[in-house]
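Presented below are the structures under discussion, each in the form of structure tokens.
Next come two complexes, and both contain chain A; in the first it sits with chain B, in the second with chain C.
This part shows the complex of A and B:
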């Protein structure tokens, strides 16, 4: 590995080939990001028809805003729930899929299916299925358990419903990667462990998990991004951030501030903060995981 | 492996791993972001109809190139927020106008929801390429004025071509500010209650005599549930629009400065007796199991609950009289309509909801004139009659109503009569003209979330909830006013 041959002799040639990608990145990511930062220093009316420079006032405003603090904490809790929930459930399902010997592809397709559904469609369908008074699922759950599932008025329940929906939506993606990773583990290891009489769960924990850790780290990162940015349609369609802000994720709050409440400047500041938070989080995740990760199986 | 001992090998492998997985990863991320784009279709249905822009935000048409003015042919663009059947109807109107008028072609495009249409229009004005006519929702009125991006239609339509005396004042007054008509009312509606005549009869209530007061709705609901005819008495979307209507009925302006029409509003009146009447009743209904909570601005869910017989009464908009009647028929019951219930003896009238048509500034002369022609044509009685009878939206012209009356339309369709009677009974006052304020959208959200906080398990009482709504709304007003100055 240390002595790799360079695929291109000329640096210029390589640069030229990279150029299209760089142009796309600059035009569609870096430049808008810079504009967003600039916008975060302004106070605006409507979509910026009138704007006034206010320096860091938008950021200072966020620091003192109780609603923003609440939204921040909820987003972190939501991300933790979704990342953990998705990983645990999908790992379990993937392990079963990996072990099953009959009709494997049918199960796999079934497990991946939810991922094929656009989140917005999933949100709309789930809202009707889970609606506290009209939903068919809620109806039967309430009839069977006797528990009242009014998540329109209960904050923790609403949080749970959105988190579960988000987990369900992200399972397929995780399962694809995990099944692939499990299939890459040398069969010799499985065989010798079985000869030693190691049980299923122990096998998963002691043999497979360390070997698929690079994939797990990748999934943690992707799921984190998903939890912070991708759950937006679910919140927008199912709870509108309520009740009483219980599901008011940062991404939803900033969207609403920008496009519904016409505070583009403050929303831009929130967007910058969110970007920094997620970037930092990913950096930490990669640093920490480096210590435990096992490469080169 | 710890970072300290990190040999180049580790780094390379990690990069490689990320490299190999990145293709799928990027595809996945692209999927995520694509979906969130789709998700931005708006949940906030407009105030009046569940099938306005809300349901069809996705199918925005690609913008055609700037229509050119060649010779005597002028092409103007009309941006609106109506989806579904209403959107198709607007297309028909635009095509008919283009066919009937020499030299003018109207291209109607749906720009998504009301809010998206407003955003798109102001952006287009900034970019110097605005449509000639844009549909903007009623609560965007103050925003549209403050944006400075529009010309009042009184300056667009030649004075000698229009006689405002023929227009329904109760509709025009909302959009007339300081005596100037800023925009042409297009789809106007107000709140109305529907009821299930058959369910009423089954429960032993008079099928032709629905309740008219707050208490009446409560007791009718109790009868319906006691007789096992419905799960709950009534439902309507948790929407601030209804609260605003009840403010008007009690002759209580929503904000100070004559509802924001004599000056910029700085205070909101949620600590009034009127607000207390509304919210005490509404939370009481919920606590007694008589109000089915469909969700915030959940027009579709409320309608579904009513049509499937879960409730016997529904609060909705007059704009849906025609489709609601169809829906009731499909579900095998006869639909009745009743005026908005009010607290004892306080019926001063309702305010207009819906949207109006605005003409942006900075248009070329031919386009301005074409826009004026189009607006005039739209407000002719023939068009207005069709618009009214096909939807339930109010006509803007007096003649449209009187013609329909002599044709016997209201006798054949008593549900439409309820709506038009309610409109005509409205007494002109600052309260019934409706409120003007910049952060209206935000205030509505505060009101709706405020109601939820009153019915939550660890609920705040009505008094405290109203105080909170009041405080938050005034802060929003303050912020907005500070920005404008």
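This part shows the complex of A and C:
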């Protein structure tokens, strides 16, 4: 048994130091979460000034709601697209950054900076860059390909644009972690493979990916949370859930139900469902990856 | 099998010149060891041969082919790294086959080769284990096995034993030698450990500051160092080096120190006129100095290893029948220096004395269980065949007291039993 050092002699001292954090957590996280759950059992009127206990009726309502089912499917599709897209693109960029020998830091900064933008600012900027009639990117893409990119009216296009924006926004974060993970792979492994003449792709697939798998799993989890909760500003600023619900993610739908349609009870039920779904998803991801993941040597 | 030729090999990292013009030929089938202190450029040289670093200047030939600009994979070299460089998520067998899959006609042929290599290294039962389930020595065996499977023209080993514990290192050293004798593949081995260098190398190349200091067989390096660096680097404890004046005597030259005067034997290879009349660095190895007590009667001398009578601290007769050539025995001891013993270090198989001789300090290796204690005054003598003089300015050797090949003539086993 190794002896653990106790930084504080008195339990009281330790508790006192933890207190501010605990207070913040309780006041702004656990208590509101409890209230949300309680609220999901009520039907509300006039911003919650009048409420009536309805039991699980809000949940039952969600089960039968076509709009909710649509939003649910779109959210799952959106999360899958964003998680996969972010990982593939950032892995590609990180691998290039890992291999480049000149101007490394310049490239790294260039790859990371989108992450430094607040999502709301990014959403506004992207809206103008990609605007169907005013956007400079749209203009050139249309000029080069001849395809009309009217994503204000086309549902699938709108979904794609928001997903791409979300991926773009999340790249920097992923790249930082992936470059760090790749740099942790012992150089002699790379050199050994070089001596054997192992190609770049095979090296990536057979050596690097297994060795950085803990980081990959971590990123899958973080990206999943981001896709379900973090894309709200993009949807709000770029599409407002439209056209005809094509980008109406759960997080956006529950916000509108609560604050535009004043169904606080139903929105609270949606929050609880979203929370449970994401929690379950993460549990599955961690369980599955445990089986395939390789931790250290 | 192929020879390796380095032709003016130079490697710079920015402003730092790690390797400064090395010319060297490693003969086909030879086991050559690069040895030197850290930062001397030995690993860089090896990595440049492997192609992991590009040569800044100069050429590298493997066999007759100029490989200077080739990719590592095109050079037919296999390398073993200090940290083994095994893929942690693959089994030993997968580690051995991962890089070579494409070079085998069939999977069966490859598996057969792996099995063969595993049997050579005595690890067939470990093939299904992952590196984390192997000990350090087993991992290094797998790494060597991976090199064997490739059947390269050249083996490059970069401090392969440095991560192993001392006992295992000695064992692996012997196994590497055996393996090399079996395969006779040209091998270049890098180490900072002089014992490894001496025991493994057919020839040893001593490097310092990016320059080749000397390449020779281990014994020749030890007996005839080309310069002061090589003299002091090899041998433990290191050679004693003191400043002396070289004076011309009546018949021969002599090295004159404040406390002693050593006549320097003349021979056909010697040219003492170069340093005569000036200051030089006088070098003598600790084991080439004999010790005598000053009081009459109780005297000890550095006798021979075969002398069983040395089990107790007692007088060792001069010029016993068991004298051996090359060790300082009374008959060939020259010079006489009175010294006071400051420290004694019993090393088990020998006793190391630190002695003050005037301003200087000498390390003397004598027989174990010699009755000497700190504070004693002793008389030191020097083996006339094993003296060296170095130029005080550039450190090059000015003189060896015996012509090459004669200081330590090879003895046969029969002679040893005499």
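By definition in this document, the second predicted complex is superposed on the first by the 272 of 297 C-alpha atoms of A that agree within 3 Å, B and C clash if a C-alpha of one lies under 4 Å from a C-alpha of the other, contacts with A are read in each partner's own complex, and residues count from 1 in each chain.
Simple rule for what comes next: contacts are C-beta pairs under 8 Å (C-beta built on N, C-alpha and C of every residue); 3 or more make two chains touch, one makes a residue touch a chain.
In this text, all values refer to a predicted model and were calculated from it rather than measured experimentally.
Of the two partner chains, chain B is the only one touched by A:131; chain C is not. Looking at the shared chain after the overlay, A:229 reaches chain B, while chain C stays out of its contact range. In the superposition on chain A, contact of A:197 is made with chain C only, not with chain B. More residues of chain A are in touch with B than with the other of chain B and chain C. Once the two complexes are laid over each other on the shared chain, residue contacts for A:291 go to chain B alone; chain C is not touched. When the two complexes are overlaid on their common chain A, residue A:120 makes contact with chain B while staying clear of chain C.
In the superposed pair of complexes, A:206 makes contact with chain C only, with no contact to chain B.
Chain A uses residues 294, 296 to touch chain B in one structure and chain C in the other. Taken in their complex, chain A has these residues touching chain B: 1-2, 43-50, 52, 115, 118-121, 123, 128, 131-134, 150, 152-155, 173, 176-177, 214-215, 218, 222, 225-226, 229-230, 232-234, 236-237, 240, 242-245, 255-256, 259-263, 287, 290-296.
Residues 186, 188-189, 191-198, 206-207, 210-211, 294, 296-297 of chain A are the ones touching chain C in the complex. If you check the complex, the residues on chain B that touch chain A are 1-3, 6, 8-10, 12-14, 17-18, 21, 24-25, 28-29, 31-36, 38-41, 43-44, 115-116, 118-119, 122-123, 125-126, 143, 146-149, 231-232, 292-297, 301, 304-305, 308, 310, 438-439, 441-442, 445, 449, 452-453, 455-457, 476, 479, 483-484. Looking at the complex, you find that chain C touches chain A at residues 50-52, 71-74, 77-79, 81, 83, 85-89, 98-100, 102, 131-132, 146, 150.
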